[in-house]
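Presented sequentially are two complexes of subunit A, the first with subunit B as partner and the second with subunit C.
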Partner chain A sequence: MSNDMDNFVGLSVVLTGFSREVLAPDLDPVDIKSEYLPVFTANVTKESGDPSLVADIFQKYAMLQSQTLTPQQIGEAMLDPANGEAFVLACRKLIFMWYAGAWPTIVPASATAQASTVSDLISAKAYTASLVWQVMQSHPMGDSNYRYGYWNKPPVPLSDYTGQ
Partner chain B sequence: MFPLIAGVSLFSMTQILVAADNRPSTPTALPTLTPQIPLEVTSTKNPPTLDSLQHDFDVFSWQSFIALNWPANADGTPNTGVTIGQATNSPVVWESYRESRDIFLPGGAPPAPWGQESPLPPVCKNIDAKHLPPGTMHLTQVGKTPNVLDESGEPFKTGPLIDQNGQYARFAILTNEQMFDYIDTNKLYSKSGQKAFDANADFPSSNTKSNQVGSIMIKTSWVKMGGKFDPAKFYTTYALVYDNPAEEPGVKPSCVLTQVGLVGFHIAHKTASEPQWVWSTFEHVNNAPTAGQKPTLPAYNFFNATCTSCKVNEPPPRPWNPGTAYTQPTQIERVIAITPDAQQLNAAYHQALAAVSADSVWLNYELVSTQWPTNAKSKTDPTGVPAPSFLANTTLESYIQGHVKQTSSSCMACHNNATTTTGNFSDFTYLLQRAQ
Partner chain C sequence: MTTQTYDLVIVGSGISGSIVAYELGRQGKKVLILEAGQEVPVDRSGYMRTFFKANAKTPESPYPPTTQDPKASTPDNPLGLPDPALENVPRYTVLQINSWRNPAQCYFTYPPQAPGLTGDSPEVVFAFASSYERIGGGTTWHWLGTSLRHFWHDFELKTLYGHGVDWPGGQQFYQALVPYYEKATKEIGVSGDKAAMDKIYTQFDVEPSGKYGPDYDYPMPPIVASLVDNLFATVTDMTVDGNPVYSSPTPQGRNSLPGDRRQCAGNTNCIPICPIQAKYDATVTLANALQTGNVDILYRTVASNIQVDAATGEVTGIDYITYDDHLGPPSGTGTAVGTKYLLAAHAIETPRLLLMSNKNAKFPDGVANSSGQVGRNLMDHIMYLAWGLAKDPVYAYRGPLSTSGYESLRDGAFRKNRSAYRIEIGNEGWQWAANDPYTTLADFVFGQNASQLNGNSVNQQGQPLRFNPSLPANSQLFGQQLVDTLNGVYIRQIRLGYLIEQLPDPDNRVQLSPTETDHLGLPRPLVTYRIRNDYEREAFVSAKAVSTEIFNAIGATEYTIPPPDPVLYGAPNEVTATNFQYKGNNFTFYGAGHIVGTYRIGDEKTNSVLNPRQQSWDHANLYMVGSGVFPTVATGNPTLTIAALAFQAADNILQDLKQSSEEEAEAMASSS
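Let's look at the complex of A and B:
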C-alpha cells in the first residue's frame, strides 16, 4: 500500500526523467520532496477547486505503476488529455515545480497581451535544489559545491546528474 | 545509495541499545570510555537511515573526543594507567599535536621535526619557564603543546569573540602527526614547496585494515580564566597568550602567561569511507543559550540574559584589539538547537564520565553535532551531500550560524573551497594557505 509521498515521488520520477536516487535518495538531508508535496497538494486543490484531484492523480499513478508499463508509458498515460484539463495541468505544473523550484501561474491572454506564465519561488532551498541546474550540468548562481577551478574541466556526463 | 560504512568498530557499540524500530533508545548501560581513537564509523542499523547514521556518527564523535582528551604520557600517547577525568591538569593527547603557527614559518622555513621544540615569538622570550605556576609542567614540553595562543579572530575572520569578562577568546588549529608528516614530507609548509608539488593534496585517511590513524585536525577556542570563570568548571591549561600585530592593525605585540579554559573543540578526521572528513564539534555547556528558548543557566560564557539591548550574534565594532583591557562582551545565541538524540547521547557520556569522577571537568562539554557525507562517492557533489546541511560552533562560527547555503556555517561546504597557494585543492583544509 503506497502512501501519498511514495506516489508523489514515483510520479515525479516518471514525469521529470530523473531517478528516484536523485529526487529522493534514501539518505536525504536536503529532503526537498517534503517541501514540494504540500505545495503541490495545496496549490492543485486550490487552483482546481477539486478537493479530490490530487488523490485522483496519485491513484491513477499507483494503478498504472502496478501494471507492467514502462516509465514512458506511465508518463504518457498521466499526460493524456482524456484525464481532463485540470488533471494534466497539475501534472505539468509538477514538472515545472521540480525543474524550477517554483510554482507556476498561468496568466490568460488579454486584449493587449498574450497568455504567459509567472512563477513564485517556493523557497531558497527549492531554488538551489531545482533540477534545471542539474540539466545544465552546472550550479545555481551564488551556490556551488564544485571546487575551485572546476570550470577548467568538462562536467561529468548528464546521466550522472539525472541518475538515468 | 548508502555510503560505504565499512570497517571495524574499535569501540563498544553494544552498550547503546537499539529499540524494536531500530531507533537508538535510552542507553541502560554507560558508554565505554577508551583512549582508542575510532578509525571508522560503524553502522548499527541495516539498512541505515539518516537518523541512525547521524547517531552512529555522533557516537564516533564522542569516542573521538574521549580519546583525544585522554590524559597523555610525555610523548603524547594516552596514559592507559588512568581514565579521562582522573588526572586533572595533566596534558591530554591532542596537546601533543602540532600547532599551525609551528608548521608554517616565516620565509617558508622547514618546521621542526615532530616532537621537537619550535621557537617562540621573540616577544615571549621574557617568560621564564622556571617560574611557571603549578600545574604547568606540560608547558616545558614547548614543542609538543599549543603553548602559544596567537589568534584572536575567529578562524574564518568573521570577527573576534568577547567573553563575559570582556576578554578576547583565543583560537588554535593543530594537526596530528600523520597530517604533519604529509605536509612535511611533501614540503607543503612553504609556497615554493607547494609550487613544486603542484597537485591536489590528499592527506592519509584512517585505515581499519592496517589499524592506522589517519589525518586529524583540531580547532580549539579558549577564554582566560578568572573573573566570572571558575577554572574548576573548564579543562584548563597555561598558555602564552600572544597579541599578534599581524592580525589586526594597531595591535601591539604582547605575550602573557595565562591560565585558559577550553570553550570550543572541533575535530576533523579523514577516514577511508569519508574522504570529505568527519566533522565533529563540541562546546562548553555554558557557552550560550539556544535562540527562541528561555535561558536556563544562571550565567553563560558568551551571553548576558540581563542585557536586552545587546545585538545577538554580531561581531564587536572595529577597531579590534585583543590588547584592550576590556571590551563589551558579544551576545551569542545558538541558532540551530542540539537535537534531542544528541542531547540524549551527551547525557549518556556525561553519566559515564561522572562514574569516573563526579566533578570531572569533561562533564561540562557537550557534542553539538557531527557533519558527515551521506553520499561520499557522489559524482556531481564533491561535498558528498553533507548531513546535517549546517553545523556551527558558537565559539568558532559565532557570526555565521544559520540555514542559508553558502552563507551559514557548513564545515564541508566551506572547506571544500580550500586550496593551496597554487590554487590546487587542499583536501578540505585551509591550513596550506598559511604557507609563506
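Let's look at the complex of A and C:
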C-alpha cells in the first residue's frame, strides 16, 4: 500500500501543480491523502470496470518517474490519449478530486445543454482541504484562519499557497 | 393545556418574536414562545459539520433537519430530497426550486400552469425562489446582515409614483419608526458609516428634514472595504435615469470590533452560516429574553390552530402539537393561553396558521381574515444577477459576502415607470452566479465550457470570453498551467445582484394545499407567484443594461449567461422554475430571501389584516410582526425594518397590557 501511496502522491503533485509539501507534508495532521487514495481506487475501478486500471496508472507513473523527465513531461505522458480513454479520465478525475474534495461525474451534452460536471463531496475534511481555496489565494468558505480586515489587502503570493 | 397563563403567547422565536419577548420580559411580563423547530444548540459546531459535508451549500444546508441526503438519490430524486409529507416541520429550501412541480420533494405546492401561455405571458406562475428556517433563532441564522433603512418615499409609493399602496400614514409612519430604527440598529449591533449614509439620505431628501433622528449613528465603525469594493467605487461619472451611480459601504449586522460577539474574520460565508457568530442572529436576543427569567420557550411545538371566543372575538388560546423526533409521531398536544397573542412565524407560516384556524364558527375563512387579505400580496426582492471578470486581480472569495452596494438608484422619478432597485456588490466571485469555484474547475480539467472561459463563447456585447486566447478552445489543463489559469480567473471574478422591488399583487398568495399535508396532518402551503407587472419586468431590462455599463466603466468583461427559453409545459422535471421572457430577452430571477406582505398593515379594515399598530382588525388581543406586515417590499433589505417594527409592536402590546390590567382592576373595584 505504501508504494501505491507514494505513486499516488507523486502523480498528484505532477497533475495538480502543488508541491508534495502541500499535498502530503511529512508532518500531516490532516492526512487527506489517506482519504483520497481509497476513494480514487474504488471509484476508478468501479467506473472503468477494469480491476487493474489503478495499478496500471501507478505503474506507468512509477516508470516515468524513474526516468529523468520533468513534471511537465510526466504529466503529458500520463494524459496522452494513447493510454486509453479510461486511463486519462481517471487521471483527470484525480485532479478534480484534489481541487474540489469531491468525486466528479460528467454529464454529457444534451440537445438543450452543453456538457457539465456534478460532484459528490468526499467528506467535511475534503471540503476544507480542497485546493480550490489555495489556488484562489483564499480560504475555504466558512473556515477562515485570517483576521479582521485581511480582505482589504492583497494576499501573499500564489507560490506560498502552492508550495511551488 | 399549559398550566400557566401568560401575558403574551408568541408563535416563533426569530428576530421579531425574540425582540418582543425580550422587551416584555425585561418589563416583568410573563411570555411563552412556541417554536416549531429544534432548540438553539449549545454551540454551532454541529451545524458547521453538516454544512461542510453538504454537497450544495444552500442557505439551509447547515441546519436541522438535513435537507440533503445523496445516498437517498434516485433517478427521479437526484438530490435525495426528503418527502415533506413525512416531516413534522418541513420547510422550503432553495434545492426544491427545480423540484417545484413534485410535491413528494417540494414542501410548497403550486397551481397548474394555465393552458396556452407563452414565455412572456404575465400569467405564467413560477416557483417561489426564497426560503426561511423553522428553528430556534429563525431565519437570521442565514441572513446576510445588511441593515439598511427604508426611505420615507418607500412608504408612499402610491402617492408619489402611482403604484402599489402607501404604508398607513406614509411619511408619518417613517417618522414614528425612526426611534425604533435606532433601537433596532443597537440591538443588532450594526457596523456602519454615517457619512456615507448621510450622502444617500441627502440625495433622497431624507436628511435635510432631519427625519432620521438626532442621535442617529452606528454602534460600530464600518466594516473595512474589500478590494472588490474598491474596484466598483471607481464608477464616478455614470448616471442612470438621472441618478448618479456611486457605491457606499453597507451597514451590516456583524462586528467590526470585538465585543459581546467576535470580530468578523471574513469567512465569506455569512449565508448560510457565520462560523464564529460575528454576524448578529436572533439567538442573541432570544438568550437575553430567556435570561430575564420571565420568558419560557417550548421547542418542537407546532402551533396548529387559533381558538377564538365567538362572543368577544378575542383569541382564547393557541393549540399546538409536539413531537420528539422530526420524522416521528406526535408526542402530545396542548393549548397555550395568554392575555395577548403574537404571531411571529414569518410570512409563509403565519398566514398558513391563520388559514388553518378555520374551525371558529364566526371566522370560517380563518382567523384575522375578514378582509380576505390573509396570505395575499406575497412579495420578494426579485433578484437579477450579473457577473464578470475584472481586468486586474481583485482577490474575490475574501471577506464578508458583501461589504458595499450601489444605493444611489433606490429612488427617483423613474419609479413612475419601473421598479427601483439597490445593487449589492458580491465578494464571493461567481459562487452564487455560476456555482464556482467548481464550474470553472471542471471546465479546465475536463475541457468543458460551462463557465464560458474555455471555449469560443462571446458575450452579449460581442466580446470573446476565452480566458486565455493562446490556449485552444476546450483545453484540458494540468500542473502549473492549471494553477495559473484557475488563479487568474478566480481572483478576478466579480458579481452584482439587483434587488428589484416587487409590487403587491393580491393574486400572489399563500393558501392551503387541498391535497398535501405534512407529517402532523397539517395542510402544506399552496403558493401562487407571478411577476406580471411590466413595472417589475422593466427593472430587469434596466438592470441588464446598467450591468453592462458598470462593467464597461471599470474595464471588466461581462460573463452573464442569458438563461434558456422558459419551458412551461411537460414533465415535472422539464419545466423551468424561474425563467421568463420580456421584450425579446430571456431572464431568470433569483430569490433575495425577503418574503414579504402576506398579512399587511393598513388604514382600512377592508384592505388589510392588521391596523398600523400591527394588531388584528378582527381580534383585539392578536398581534403579528415580521416582514408579512409590510404593505410593500420597498428598496432596502427588510431585517432592520422588521426589527424596528417589532420594537414598536412591543411598545403597543405593553401599552395594551397596561390598559387591560387597569380595566380589570377597575372592574374588580366596581364589583366589590
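We take it that the second predicted complex is superposed on the first by the 155 of 164 C-alpha atoms of A that agree within 3 Å, B and C clash if a C-alpha of one lies under 4 Å from a C-alpha of the other, contacts with A are read in each partner's own complex, and residues count from 1 in each chain.
To be clear about the criterion, a contact is a pair of C-beta atoms (placed from the backbone, for glycine too) under 8 Å apart; a residue touches a chain by one contact, two chains touch by 3 or more.
Small disclaimer: the values here were computed from a predicted structure and weren't measured.
Between subunit B (first) and subunit C (second), which, if any, makes contact with A:27: first, second, both or neither?
A:27 contacts subunit B only, not subunit C.
Just checking: does A:16 make contact with subunit B only, subunit C only, both, or neither of them? Give me first, second, both or neither.
second
Touching A:102, do we find subunit B (first), subunit C (second), both, or neither?
second
In the superposed arrangement, which partner chain does A:138 touch: subunit B (first), subunit C (second), both, or neither?
A:138 contacts subunit C only, not subunit B.
When the two structures are laid over each other on chain A, which of subunit B and subunit C touches more residues of subunit A?
When the residues of subunit A touched by each partner are counted, C comes out ahead.
Touching A:120 in the superposition: subunit B (first), subunit C (second), both, neither?
second
Could you look at A:160 and tell me whether it touches subunit B, subunit C, both or neither (first, second, both, neither)?
The first partner, subunit B, only.
On the A-aligned overlay, A:110 touches which partner chain: subunit B = first, subunit C = second, or both, or neither?
So A:110 meets neither subunit B nor subunit C here.
Given the touch rule stated above, what does A:3 touch, subunit B (first), subunit C (second), both, or neither?
A:3 sits against neither subunit B nor subunit C.
With the touch criterion stated at the top, can you tell me which subunit A residues are shared between the subunit B interface and the subunit C interface?
Overlap of subunit B and subunit C footprints on subunit A: residues 124-125, 128, 142-144, 146-149.
Considering the complex alone, what residue numbers of subunit C touch subunit A?
Interface residues on the subunit C side: 48-49, 51-55, 57, 70, 224-227, 256, 263-269, 273, 275, 393, 395-400, 403, 427-429, 431, 437-439, 441-442, 445-446, 448-450, 476, 478-483, 486-487, 490-491, 564.
Going by the contact rule at the top, pick out the subunit A residues touching subunit B in the complex.
Its residues touching subunit B are 21, 25-30, 124-125, 128, 134, 142-149, 156, 160-161.
In the complex, go through subunit B and note every residue touching subunit A.
By the definition above, subunit B touches subunit A via 1-3, 47-50, 53, 374-375, 379-383, 385-389, 404-406, 413, 416-417, 419, 423-425.
Given the complex with subunit C, which residues does subunit A contribute to the contact?
On the subunit A side, the touching residues are 14-18, 71-72, 75, 79, 92, 95-96, 99-100, 102, 104, 106, 112-117, 119-121, 123-125, 127-128, 132-133, 135-139, 141-144, 146-155, 158, 162, 164.
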